[in-house]
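Everything on this sheet refers to the single structure shown next.
Chain IDs A, B and C follow the sequence of writing; residue 1 opens each chain.
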Amino acid sequence: MIEPYIELDDVSFAYERCAPVIGGLSLKLYKEQFTAITGPNGSGKTTLGKIMTGILRPQKGCVIICGRDSAGMKLGEIGQRIGYLFQNPGLQIFAPSVQEEISFALGLKGCSKEEIDSRVSRSLRDFDLTNLSDAFPFKLSRGEKQRLAIAAVLVNKPDFLILDEPTTGLDMERRRALSDILLGLKEKGIGMAVISHDRVFIDRLADRTIKMHGGEIVEDRT
Amino acid sequence: MKTGLKGLDPRSKLVLVLCLSTLGVFIQDIGILTAVLCVSIALSTASGSRLFVLIRKFRRILWLFVAIAVIQSIFAPSGRVLVSLGGIKLITAGGLYKGVAMVLRMSIVMVSATIMATSNSREIVQGLVQWKVPYEIAFMVSVAIRFLPLLTDEIKNVVTAVQLRGIELDRIPARQRVKVYSYLIMPVVSGAVIKSRELATTMETRAFRAYPKRTSYMVLTMQRIDYTVIITSLITSILTLILYIKC
Amino acid sequence: MTVPLEVRDLWYGYPGGKGDVLKGVNLAVERGEVLAVVGLSGSGKSTLCYCLSGIVPHIYQGNLRGQTLIKGTPTTSMKIPEIATRLGIVFQEPDNQLFSPTVEDEVAFGPENLCLSREEIGERLELALKQVGMEGFRFGSPNQLSGGQKQLIALASVLSLDPEILIFDEAMSQIDEQGKAGIKSVIVGLKERDKTIVMIEHDFDNLDVADRVLLLRDGVLQPFEGRL
């Protein structure tokens, strides 16, 4: 029996002073599957993604990550297991240079300089950023910022990635390049959930498609 | 149709806020300051500002108030010494009095600001423009008002993103924490710069600043209650100040 | 009959000069035509929009040569407010185009800037909202609308200036299926009213409303053959 990596148990969530966005939802996500979560705007899919990562805490029900109740986990701990990519990559880029972006979290954790250097150069290679290693991240194109954000998140070695509308603002070629990267990560055994309304992108990648509407799951196809 | 204080012209609210704030700044007596604060709270609630919800949201900042009161009392000691440590007068009666007065003062200013916030940004612009403030300045003020809550949302998102990278802000040694905070500023500032540039371009492509004047579809007219409020606030404040100075 | 929108041998390079991104663009768009322009990221599509709408050179500088003509008049000889009455532009990000507390305030903003009378502002306001099908939302806040609806309000705010030419700078890229359908149907309606429309697009699914599609590559416009 494969254990789910992320499990939602009867989760309900409403923003402050608003009608509930998600009501009594239960879901199991597995590392071995590439899951797509789709649905129109307002269906609750972005909210679901944030609940899974612990960015939003549900009013009812619980979120279990790797067998542990996420209510007792700090965001930093969750970040070691689940990497989350915001729709706008600019929100999660902080450092003045590409290579510092990838290395600063490692530095703060006390890794040795040799280890940092080797992990950074491997990351730059994997994401085709080597010739941009000293570039100022805010001047990069959207596609490049996204690759940088993914590289920076993966430096934590999470086993699962959640991406929120990653194809926004990317042209056809860049979307294809992104889906190639994600397939490569899937082959390395990283579990993935992509929230997207881009059908072509999802069809190419997903093993399992979950459709949401009005805060509920209306379809769950494998 | 909004009734009572909720329907007040933004200019009346502005007069009210200025009167309350001026009283707050000039008066040193704790008793009177408390009375002014109570009046501010009453007016704020009456104008529909959902003050208590806001207070709950900002309850963590209230600790800052207490800290300020204590700091004020340490640096302006006077009167009877209540607590001293190794010869240094830490808390004195006089200092404490001044500290409490400062907290009351800040509260009055903030509560009266919530009265202003019950008007929407377009109304505030119109109020300013009808009082002959140049429309560019009025719009700049209103756009800032509009984007401030978005800025706080962005900051929250950025802090979340950093934490998800495994960086627990409270566990980092102080030296490195400054560096991390400076990193946090980057995405927020760059986001704000991009937003404001795009917004400015949008406004210009819709002919903003085509002419020195512009018409307004929205027209504000002063009702009887507006005049009542303005005159009452001005008279009450002036009287209070005169009595205070005389005594 | 002068063509509503024309570009003659347009060259543009960013300030700080790293070479030209537009290298001799030529274009003529007819009345009632919907023209789509596609191209890779970084090919200069948005820059082309800015040159068409006069944002270059009036708001953003750079090395501009050649001409953009709106009904025969070069954009360089008109000021932006004058261009605004002939050409309107809807940008990609809805949240950076809406700044008013109500939809009505937002749509009235343009005509107010032109010092029109309140009666006329009211008429244009109603007509613009009707053209995008959002009359019911007049007194609400734009913040509570969906992305597609927000773009419709941004469009209405531009339509209230009564331009003949409309430019959509990847205006549908942040919107979901439903929103895109809404915007596309409005574009078709505008075309039927003889407006001239230029759409910059990423998503090939949106090209079905276009009469003609051009590809921006290597700084010039070429006929589009299905692949970037």
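Just so it is clear, contacts are C-beta pairs under 8 Å (C-beta built on N, C-alpha and C of every residue); 3 or more make two chains touch, one makes a residue touch a chain.
As the structure is a prediction and not an experimental result, all values here were calculated from the model.
S.K.: Under the touch criterion given at the top, what is the topological distance in steps from chain A to chain B?
M.R.: Tracing touching chains, the least step count from chain A to chain B comes to 1.
S.K.: Look at all chain centres (mean of CA atoms) and spot the one farthest from the centre of chain A.
M.R.: The chain lying farthest from chain A is B.
S.K.: Between which chains do we find the greatest number of C-beta pairs in contact?
M.R.: Looking at every pair of chains, the most contacts join B-C.
S.K.: Between chain A and chain B, tell me the centre distance in angstrom, where each centre is the average of that chain's C-alpha atoms.
M.R.: Each chain reduced to its C-alpha mean, chain A and chain B end up 38 Å apart.
S.K.: What's the distance between the Cα centroids of chain A and chain C, rounded to whole Å?
M.R.: 34
S.K.: Provide the C-alpha centroid distance between chain B and chain C, rounded to the nearest whole angstrom.
M.R.: The mean C-alpha positions of chain B and chain C differ by 39 Å.
S.K.: Can you list the chain B residues in contact with two or more other chains?
M.R.: Residues 194 of chain B each touch two or more of the other chains.
S.K.: Chain B touches which residues of chain C in the complex?
M.R.: 53, 55, 59, 79-81, 83-85, 88-89, 91, 93, 95-97, 99-102, 104-105, 108-118, 121-122, 125, 154, 157-158, 161
S.K.: Touching residues of chain C toward chain A in the complex: what are they?
M.R.: Going through chain C, the ones touching chain A are 39-42, 92, 146-148, 170, 173-174, 176-179, 202, 204, 228.
S.K.: List the residues on chain A that touch chain C in their complex, please.
M.R.: Residues in contact with chain C: 40-42, 141-143, 168-174, 197.
S.K.: Write out the stretch or stretches of chain B touching chain C in their complex.
M.R.: Those residues of chain B that touch chain C are 120-123, 142-143, 146, 150, 194-195, 198-199, 201-211, 213-219.
S.K.: List the residues on chain A that touch chain B in their complex, please.
M.R.: Listed in rising order, the residues of chain A that touch chain B are 53, 55, 74-80, 83-84, 86, 90-96, 104-105, 108-109, 138, 152-153, 155-156.
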